[in-house]
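In the two assemblies presented below, chain A is common to both, partnered first by chain B and then by chain C.
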Partner chain A sequence: MATALGVAPTRMELIKLRRRIALAQKGHDLLREKMDALIMEFFGILREIEDVRKNALESLSKAFGQLSICQAEIGTIETLQAAREMKRDVTLRIQTRYLMGVSVPHVEIDQDKKAPLPGYSIHGTSAVLDKATAAFVQALAHLVKLAELEAAAYALARELERTKRRVNALEHVLIPRLQQMIKFIQSRLDEIERENFTRLKRIKAILERRHQ
Partner chain B sequence: MDIEAFIRQEQAKLNAHLPRERITLAEALNASEPYVELKNGGRHYFDKKELDLLATALPKDWHSSLRLPMLIRIDRKLGSGTAKLVGLEARVAAKVLNKNESDELILYRPEIMSLRRKLPTTTEYLFVP
Partner chain C sequence: MSLKIACIGDIDFISGFGLAGVSQLYLHERMEATLAKIRELFDNPEIGLIILPHRIASQISPELKELRRKKPVPLVLAVPDKSGWMPEVDELRELIKRTVGAEVVVRREE
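Now for the complex of A and B:
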């Protein structure tokens, strides 16, 4: 059994193992705290995603509605032509932020280019097209925010999985193994103590017999 | 891997996201791109809207003494789901959460969530070993 557990049944080893189990327990507690905090952050982001997705869908629906009105009012070909003439450059500023030690992107549409001149000719188009353009720009802002949050959620989920695996390894493999080793050493030491006790008793009995 | 080495490595990783040096709110407000360098070599950027929120909510003399990010201390001695803020950070968090101001503030899970929701970039977790 000693070889199977890979541990010598000595008092020194017992002390070492007790120290090791205390360290493992401490690591386990800290990782569990991290896991709890990660879960909190993850659900917070999920709630935010729900809100932003709702806003994005509403603004997209509004934008496509405006586009349909525009197509009906100035014509499909004219609207397509205006769309081709649109300045489509969108500058995004991507920064890193840390959520519980997990690097997540923070994406912002550059403020200067957020509302550029549309680029299409005012002649031949109407105010409905401007409204549709504005609605799409607004929808884009929601979509960018949604992308940012979804990326954060994926990164947090990956970290959560990794942390959970470590917590489980400590909880179900390392700590029980150490406990088993301690139990083994303790039982071996008890057995040695019992053996010594009986040996001493026997020696005492032999010596008493000799004296008689 | 040796168990002790594995646990020590995990403990070291827990706080790798903390800044090498924190900056004051005043410095962050003056910077065009406010950020701090992290121990793991990365950069953590602060949200300007959040900084403005802090600047308006706090008295001006606190601006040069409040260091960012504020640290939410997770100490296992306090029990599961409990965190602590100390000093000026505790006062700021109490103000943000509409609680009584003190030099030491103990927060429970829903309050931590609320604080993180209000100040996601200007607060950070610190795991006390």
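Now for the complex of A and C:
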């Protein structure tokens, strides 16, 4: 027992330890609550992802279908050429929001309103190209939303993991160790008390014998 | 602040996203070149989102994870390509399993 966990068996130390354990317990409870809240947020986002992903994948596969028709009609190279000539430049505005102290991105598409017409020449290209373009524009909107949600899910998951680790550290390492220290000090103090008691008894007996 | 979208993939992939208005298009040829390109995009503060097919993403997923951990932006999104191919192991599902400690199926209550 003299491994002693590095504490002196004094009453002062005992009081300090009790205080620490109360604090650790409080921290533990708070972190637990944070974890619960994070899990709720996380599931909210997962539910959203499920929907958005379904939409995104559907519109994307439709868009690829349109693209195949387009490539078949006007040629693969020509399609790529049209894609490269595209004037419309989709840009994103990314802001950070804070969810439970976790920064998650908030993404918005801001479409360039100045170039409503595609960059390829209308004359000399076919309607299938327009169709493919429209389908991909739609798919991209879904995909951007999906990217935002996935990034949020990853950020939350990382925070969740970190919180969980801290909760576990408190629960399984720090608090038990403090409890063990308290137990050690208490037993040591009891021991000292018993020693004193027997010593007094003994002294009393010796004194009495001397007086007789 | 407006950020650009970048897209890496085969010719069909970048044609499609090019039509949608993505300006940064890169044709995927060799893995090393693509990976270098992705690193470069990550260093470019003008890029907000990188779209690439699952087929590429699944081959360089350790590197992608590393990059993502370091910087929150650009976002990386892997999507199925023309063939609709998706990896067997859903990365997100894997993540849930690890963090929550159980397989979770999110179902909408009716």
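As a convention for this text, the second predicted complex is superposed on the first by the 178 of 212 C-alpha atoms of A that agree within 3 Å, B and C clash if a C-alpha of one lies under 4 Å from a C-alpha of the other, contacts with A are read in each partner's own complex, and residues count from 1 in each chain.
As a convention for this text, a contact is a pair of C-beta atoms (placed from the backbone, for glycine too) under 8 Å apart; a residue touches a chain by one contact, two chains touch by 3 or more.
On a predicted model such as this, the values are computed, not experimentally measured, just so you know.
Trainee: Can A:14 be said to touch chain B (first), chain C (second), both, or neither?
Mentor: Neither chain B nor chain C is touched by A:14.
Trainee: Kindly classify A:41 by the partners it touches after superposition: chain B alone (first), chain C alone (second), both, or neither?
Mentor: First partner only.
Trainee: If we overlay the two complexes on their shared chain A, which of chain B and chain C does A:140 touch? Say first, second, both or neither.
Mentor: So A:140 only meets chain C here.
Trainee: What is the contact status of A:157 with respect to chain B (first) and chain C (second): first, second, both, or neither?
Mentor: In the superposition, A:157 contacts chain C only.
Trainee: Touch test for A:26: chain B only (first), chain C only (second), both, or neither?
Mentor: Only chain B is touched by A:26; chain C is not.
Trainee: Which partner does A:128 contact after superposing on A: first (chain B), second (chain C), both, neither?
Mentor: In the superposition, A:128 touches no partner, neither chain B nor chain C.
Trainee: Looking at A:79, would you say it contacts chain B, chain C, both, or neither? Reply first, second, both or neither.
Mentor: In the superposition, A:79 contacts chain C only.
Trainee: Would you check which partner chain A:103 touches, where first means chain B only, second means chain C only, and both and neither mean what they say?
Mentor: Touch partners of A:103: chain B and chain C.
Trainee: More residues of chain A are touched by which chain, chain B or chain C?
Mentor: C
Trainee: Name the residues of chain A shared by its contacts with chain B and its contacts with chain C.
Mentor: 96, 103
Trainee: Enumerate the contact residues on chain C facing chain A in the complex.
Mentor: 1-5, 11-12, 14-23, 25, 48-49, 51, 68, 72-73, 75-77, 79-82, 84, 92, 95-96, 98-100, 104, 106, 108
Trainee: So in the complex, the part of chain B that touches chain A is made up of which residues?
Mentor: 3-4, 7, 10-11, 13-14, 16-17, 33, 35, 38, 40, 42-45, 47, 74, 76, 80-81, 109, 112-113, 116-117, 120-121, 124-125, 127, 129
Trainee: Under the definition above, what is the set of chain A residues touching chain C in their complex?
Mentor: 39, 42-43, 46-47, 49-50, 56-57, 60-61, 63-64, 67-68, 71, 76, 79-80, 82-84, 86, 88-94, 96, 103, 105, 107, 110-112, 118, 129, 132-133, 136-137, 139-140, 143-144, 146-148, 150-151, 153-155, 157, 160-161, 164
Trainee: Quick one: which bits of chain A touch chain B in the complex? Just the residue numbers, please.
Mentor: 20, 23-24, 26-27, 29-34, 36-37, 40-41, 44, 95-103, 106, 166, 170, 174, 178
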